[in-house]
Amino acid sequence: MDWNTMLSYDWGAMMPEFIILGTTMILSILDLFWPKHFNRRKLAWLALTGIILACLSLISLLSFETVSILSDTFRLDSFAKAFKLLLLFGAALIILLAEGYEPREGLREHRGEFYYLFLTALLGAMVMSSSGDLITLFVGLELLSLSSYILVGMRKRDRKSNEASMKYVINGGISTAITLFGMSYLYGVTGSVNLGEMSRTMAAMTDGQLQYIMGLAFFMVFVGVSFKIAAAPFHMWAPDVYEGAPTPVAAFLSVISKMAGFVIILRLFLSLFLTASGDTFGALDFLEKNNIYIASLAGLTIIIGNVVALRQQNLKRMFAYSSIAHAGYLLVAVATLGGGYFLLDTVWFYLMAYVLMNIGVFAVIQLLSSQSGSEDISILAGMGRKSPYLAMAFTVFILSLAGIPGTTGFIGKLNIFLGTFITEPGHFVLAGIMIAGTIVSYVYYFGLLVQVFFRPVHSEKIIKIRPGLHIVLIICVIGTILFGVAPNIAFDFIHDQFGDFTDFISSK
Amino acid sequence: MTGVPLSAYLVLALVLFCIGLYGALTKRNAVIVLISIELMLNAANINLVAFSKFGVTPSITGQVFSLFTITIAAAEAAVGLAILMSLYRNRKTVNVDEMEMMKN
Amino acid sequence: MSLSGELIAFIGLALVAIVGGVLLITLTKVVHMVIALVFTFLGIAGIYMLLSAEFVAIVQILIYSGAITIVMLFGIMLTKHQENDAPAKGGWGSFSLLAAIAGFAVAVYLGIYNLDIPVQPTALHEENTKQIGIELFSKYVIPFEVMSVLLLVALVGAIVLAKKDDEEGDRS
Amino acid sequence: MNVYLLSLLVFSPLLGIVMVALMPKKEERTIKQFGFFGTLPPLFLSFFLCSQYYSGVALSIFDIKLNWIRFGNLEMYDPKLFTVDFELGLDGLSLIFILLTTIISSLAAIASIYIKKEWKGYYLLFLILEIGMLGVFTAENLILFFIFFEMTLIPAFFLIGRWGFLEREKASYSFLIYNGIGSAVLLVAILILFARTGTTNIAALTQMMTMGGVSLFAPISGSMKYGLCLAFLVAFAIKLPVFPFHSWMVRVHAEAPPSIVMIHAGVLLKIGAYGIIRFGMGIFPEQYKSLAFTIVLFGVLSFLYGAFLALVQTDFKLVLAYSSISHMGIVMMGLGALNEAGIQGAIFQVISHGLIAALLFFLVGALYERTGTTMLPKLGGLAKSMPIFSGFMLACGMASLGLPGMSGFISEFMVFLGLFKSQPLLAAIGVIGLVLTAVYVLRAVMLMTFGKNDSLIEKEKWDLRGWEFLPTLVLLGLIISVGVYPNLLGGPLQGTIEAMMLALGGR
Amino acid sequence: MMEHAWLIPIFPLVTFLVLLLSGGRLRDRGAFIGIICTLASFVLSLLVLIERFKEPTYNISIDWLSFGGTQLSAGFEINQLNALMLVVVSLVSLLVQIYSKGYMKGEVRFSIFYAYLGFFTFAMLGLVMAPNLLQLYIFWELVGVGSFLLIGFYFYKLEAKAAAKKAFIMTRIGDVGLLIGIILLFWETGSFEYGEIFQAVQSGMISSEKLTLIAILIFIGAVGKSGQFPLHTWLPDAMEGPTPVSALIHAATMVAAGVYLVAAMFPLFMASSAAMQVVAITGGITAIFAASIAMVQKDVKRVLAYSTISQLGFMMLALGTSGYVAGVFHLMTHAFFKALLFLAAGSVIHAIHTQDMEKMGGLWRKLNWTGPLFLTGTLAISGFPLLSGFFSKDEILMAAWENGSYILFGLAVVTSFLTAFYMFRLFFMMFAGDSRSQAEQVKESPFIMLIPMLALALLAVIGGYIQTPWFGTFLGEWLVEGNEALLGASHSEGPVWIMLMAVLVSLAGIYLAYMIYVKKKLSREWLVKENSEVFRILENKYYIDEIYHFTAGYAIKGFSIFLSYIERFIVGGLVSTVTSSIEGLGKVGSKLQTGQVQQYGMIAFLGLAVLLVIFAVTGGYLR
């Protein structure tokens, strides 16, 4: 392979990644050389600019045909475009959160790193979402993981932060090992790491033993990745880590990291296991045959997330459990494969809704906890009277998380339900668990609203909102309501731009 | 040529994986936990390399993959240790089971 | 299965690796555990040799037996560890762990113990390093570059986290 | 103009919302006035619609249909597949319910004068609630219905939990959870229908379910139809509420502010009946028919259970709460009678109970405002100190126990008329409740108004006065006019009921 | 004139509304409005009656309630029976209102009282005019409310409160029976209209079992309203209301509604002999039962109340033995003399402020007008020859005899003996002998109270002459005109000895009372001592109230309490079980979250292992 072949690839398709990478470099150099007294908060705006530029370049790439570089180690298909868009959008919001982040003991001199580690993590997620190759996928995943391990431990003097980071790294290491172990088997039974090739080999596979190993690999990869999305059985780190992590990082974990997890799940499952034959006769698809496992894990995730959240007094822990539950809802869509018609757009829409509402919630939490130094739910008390607009925004997010009509959360859930019912036999049990979980979630979600509106004021301090947070809140509120009332804006966009994601697997 | 069969390598990898896992989940010292995780990654590497020779379609890819893995493992070990340092500085312990400030 | 030289080598190396692993679990002194693991890593490197992966074997020795072990030893020294790692707590927890591991192992073992993929002649051992280099710099440029970012991240992270904060002045 | 009239009606409280929202918090008087004025546009619009109806205009000209949401990417099969339109429509049944809503909302807005704090938030939520209620009764498809249905839930939760009595939070929680369960069941049923048929339009679904439509994906089997019908029934039985799903409603009645209970008992509970008629009976007539006995059974159970429990309550609000359960039992009985008399009686009962309960709770509000208690043992002899109040209370009690000449009688009579035709045995058991109703109503009302009282400190000028006469007289007037000339109400219903009966296969 | 008959009930309604809306400001002037309006009603009723003599039945109706294809209508009808009733009701009401002007003087809520009277009169007139059963039922209930309001007029008195409630609920029980009857009848005949119902009945469309059931259900309504056994207990208690109310409601109008109902539905009853039996037997039992209680009561009004019950029983007995005319006739005469009795008793109470007979006596000299008026009433009710009661009672006895129900006939005879006895016991204890009253000044009632009594006395005397064996049976002929087949003979024929025996029996009763209470030939104490058991039972009204209280009352209350336990523990328990189990699940979940990072990994791995094992076992890949 010579230079010309190298140049023959359409590297323009990687523009967003390059922009993010470049921004990271610029940030790290600036951080290194700028005088110490220089307020590094400004770097956040630079990072934001980078993300926005990346976003714009991605939008300009939307009309591109599917691009594949270097035998699929990078591919820009509709799936990648769609999810990268979300990743960038979410990351932009989180950078704004991070801009306004002022923990009690301060980030001190590490604010610069704080910002560009977000970018590297984002880069990892982006690489992951547009890779058609196990190695790239794995490297991207690890880039994301390593960045987030560090981010979680950023508040060095905070013992909770240390502990969270340690827990995160240990669990993350185990999950990586399990995933990798699974991947090694996948490589073994297919002899390739290119998803397209693997898919073809697996579809043609009729040997029972190889299929069995493939199944083992499937479960290992799935359980390993369930760490990323914080789903059962690998969900337990989430509450501790969220609690210890800086709030923007917790938001990042619950939104971007989770999204990346779903990206990898969808990439792997849809390209490999959807077409792989599920038995030696090739009569059933592998996923079709084994979706009961995912379904039970999804159900378990929903139950655990919602039920344990009932007992939480710490806001971040509560939203950790809530995010577990939401991962469960999304897994329902994965398990049922959206009934065949509602998978990718459903997951995409739900993740978008989740970005909006969850980041909004974390913005409020960050605001309040940095004011009061506590993360107990009682800091919400009396917000309704003290700062009604903030309270209203919070209410919108909570209602959306609870899936109340008029918000994006509702439309997202509705989509998932459609997928569970459309086939015969419908996944009624799973849908039942999901709906029951939703009702249980009312209890704690509305418990927060009870604090906000019914309880006497917690502290009379006026809440000062930084402009960054202002923007986040406004975007999230508008988005949550807009896509709840007129979801077709999003649906039409995704259908017009990406159709049915038909270019998912390289046809080579 | 009747060499060592693929399954032998795979079983070895499995055994090492299990040992690593056991170590990671039972050892109290965080350093050992981290190193056990390395062992687990190593086990996966054995799989990759073995499949690269004896797989369905033998190729060098498995070895390349394992190289990536080794690098990542090293990076992870470094980061893990760094985290352990900052934890140790605040808590004066490296015991995993003493990390229970946050629970329930 | 005749007792070929390859097999003997395999058995020997595998034994070294497994014994190292077992020692990791059974030894009580932390330093000893790490040393035991060095043997495992070396054993694994030998296995790589058997699998015609010389380059990987060398890397394994350099990175695992060398770098990582040293880093770990430094870690142990720096954290003024308790000499002994207390034995694992018994009881229900460890029982279920053993059961889980046993279940996992059996399930996987069932899949692989008689895995019989027809052996195809390979040329992996010929210019192994070159093959890897070609593969790496043609096909896997992107992950390779991403890997560089990853290493950068690890570097920055290690510095940020492990650095002592008290010396505020010597920020570079 | 006509096309947008309904949307205008449904969203007209927004005007009030904006006005109230723009007012500074401190302007108590203005906020209260604006809050009340906010309920007037829908009131006038509904009167206008009503006058249009009575002048012979077909209600269907008011229907509106706009493209709204398209789920999935299935255009290649059928462009209408999995679309949810914004469609509002009107028929005689919904017209009546809309009138009920607007009237009671306006009166409850007046009664909200008793609210002591945070008027701004109160009126904002109040008006949102009204939008929800109006939407529920005009929605032409299930998703839209559900959206509006939930839209009533959230404001009501806050209104109960913020402005209620002592145990308000608990009450608001049980309101939320029970209704949450109800709406969850409802949602599941709606979505199964949607997923299997690709539409949620009520008319289209009715067509498909009764005539046997084509299913693109997976068919809806007979037993699933039963399940769906049952799900609708359960969902709305919780809302209604029917024994044994009633305990939330007791708490709400006891703890919510009286003005909100006026809305709640007056309109919100009625959504349950509306839903059963529209969806249970409307979409699944076959299945509904075979479930009729169960429906009546639960109706009778509620009727008697509520009556018996009302007999031993010491809090007047609880008496009213159980009486509501009892009266909703009558609705179920009527709906299960499967004949014109029963169904029309049930609808009458819905309206009548709406009016009566609203009036009763208005009086409760007035009473609490003056005495600070609604405990029966602490009350008594009010006929002396508050003769007018007592008079109204007595009249209202009489209306509640089904005194002829008042709306309650017509409905009870028709329900039993219908029920004796179809389920004479259950009807015969049910009539015991008529006596019990008299017993508990008289007990409660007489404990309050008759006798002497030593524990209450009576003040000068305690009796109802000024503006308080407006809601009382309007409501009592409506109760009596429906009672004296029921065809007033019966007229608009004929079309709907005829259609229902046709689906149910005649008498 | 008849087309304007709808105005008859409207006038009293106007009274009600005007007085209620004026809110007591009119005070005594309220009486004038009441009286004038009722007078208008009365005059109109009289005109209607007169016109009705010449013209046929008048009927008009409008659509009232439609459902499905059915149209229910509202309207009014003027036939012989209700034309007569209109006059009786409006007359008695008018007289009572005039009387009340004096009796209620000084009452604070004077005009409210008139408002209530107006409402009651309206309801009663409406009831009488109803052309169909539904409308009848509507006014039937309204009558109940009117009586409820009037009985509970002294709302601050606990007894009045209890009595009002009791009256309403006991009659309600009957009403429910009536309602069911009406509904069943509707489904059988497809109509509520009398005419159509009777046609259907005659055509034999309805099976006899159904017919009997319906008739009995309707009769239950009558039982409730007319205070027949076993739903009679409210009536004596209802005496807690002001005395004019007792005269109006519990003598002439409301209690007569039950009889009116049976009379109005007579063709239906005729079609079912079993139902007739039931009516007659209930009537007979009630008659003797109430009479026996009346013998020992000490409260003037209670004696009169039981006497009313007894007389109503008489009427029922008459109707049950096909004595349509006899029943209606007695209804009319009873209205007059019982109203008279009540008003006179009220006059006495007004004078000496007590209702206890033991505290009266010797009033004959002091109350120069009231005494003779009371005596007139007493004689009339006792069946003293040539007074109105004599004729109507005679007619009843004849009817019973003619019908061949000799046992009932015997009962009736005994009852008329008892009637004469207890009425004269009452009279003698009040007016004869020495004064036992503490009241110093016993003043005769004002003129305005005497006028109505005089009018009633006149009617009580002459009222019987419209239907006598000697001077023609004008009433009967008119009543059954055109409907002979339906209603039976206009006059009951019987042996002459019956009339003689009736006279003898009542005279015997009077004599016995005279001997005991005036001459004291028979010591009362001795009587009581000899029959102490019997006396105790009678004094306690056969313990019916207690039985009800301990059975139905306790049963309902007990069941309610039982249900409230169910509510709390089963319904509530179910909910709390669900919630607590969810919370418990949460607790377990958060317990598992020990903070031990290795445990997290272990659980994850455990999950993986479980998945793999299940997959290995059930996957079916390995053979």
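We just call them A, B, C, D and E in the order they show up, numbering each chain from 1.
As a convention for this text, a residue touches a chain if its C-beta (ideal position, glycine included) is under 8 Å from a C-beta of that chain, and two chains touch if they have at least 3 such contacts.
Which protein is which chain? UniProt says B = NADH-quinone oxidoreductase subunit K.
Remember, it's a predicted structure, so these values are computed and weren't measured experimentally.
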Intersection of contact sets, chain D vs chain E, gives A
The chain whose mean C-alpha position lies nearest the overall protein Cα centroid is chain D
Of all chains, the one whose CA centroid lies most distant from that of chain E is C
Maximum number of contact pairs occurs between chains B-C
Note: chain E sits from chain A at a C-alpha centroid distance in Å of 78
Rounded to the nearest Å, the gap separating the Cα centres of chain C and chain E is 101
Taking each chain's mean CA coordinate, chain C and chain D are separated, in whole Å, by 69
Per the C-alpha centroid definition, the whole-Å distance linking chain B and chain D comes out as 64
Residue numbers in chain C touching two or more further chains are 97, 101, 104, 107-108, 110-112, 114-115, 140, 143, 147, 150, 153-154, 157, 160-161
Multi-chain touching residues of chain E, meaning two or more other chains, are 590, 593, 595, 597-599, 601-602, 605-606, 608, 612, 615-616, 622
Going by residue number, chain B touches two or more other chains at 10, 20-21, 24-26, 33-34, 45, 50, 55-58, 61, 64, 68, 72, 75-76, 79, 82-84, 86, 89, 96-97, 99, 101-104
Chains touch one another in the pairs A-B, A-C, A-D, A-E, B-C, B-E, C-E, D-E
Counting only contacts in the complex, chain E reaches chain B at residues 590-591, 593-598, 601-602, 605
Interface with chain C, chain E side, in the complex: residues 599, 602, 605-606, 608-610, 612-613, 615-616, 622
As the complex stands, chain B meets chain A at residues 10, 13, 17, 20-21, 24-25, 30, 33-34, 37, 40-41, 43-45, 47-48, 50-51, 55-59, 61-62, 64-65, 68-69, 72, 75-76, 79-80, 82-84, 86-87, 89-91, 96, 99, 101-104
Residue set of chain A touching chain E in the complex reads 166-167, 170-171, 174-175, 178, 208-209, 211-212, 215-216, 219-220, 223, 226-227, 232-234, 236-237, 239-240, 279-280, 290, 293, 297, 303-304, 307-312, 440
In the complex, chain C touches chain E at residues 93, 96-97, 99-101, 103-104, 106-108, 110-111
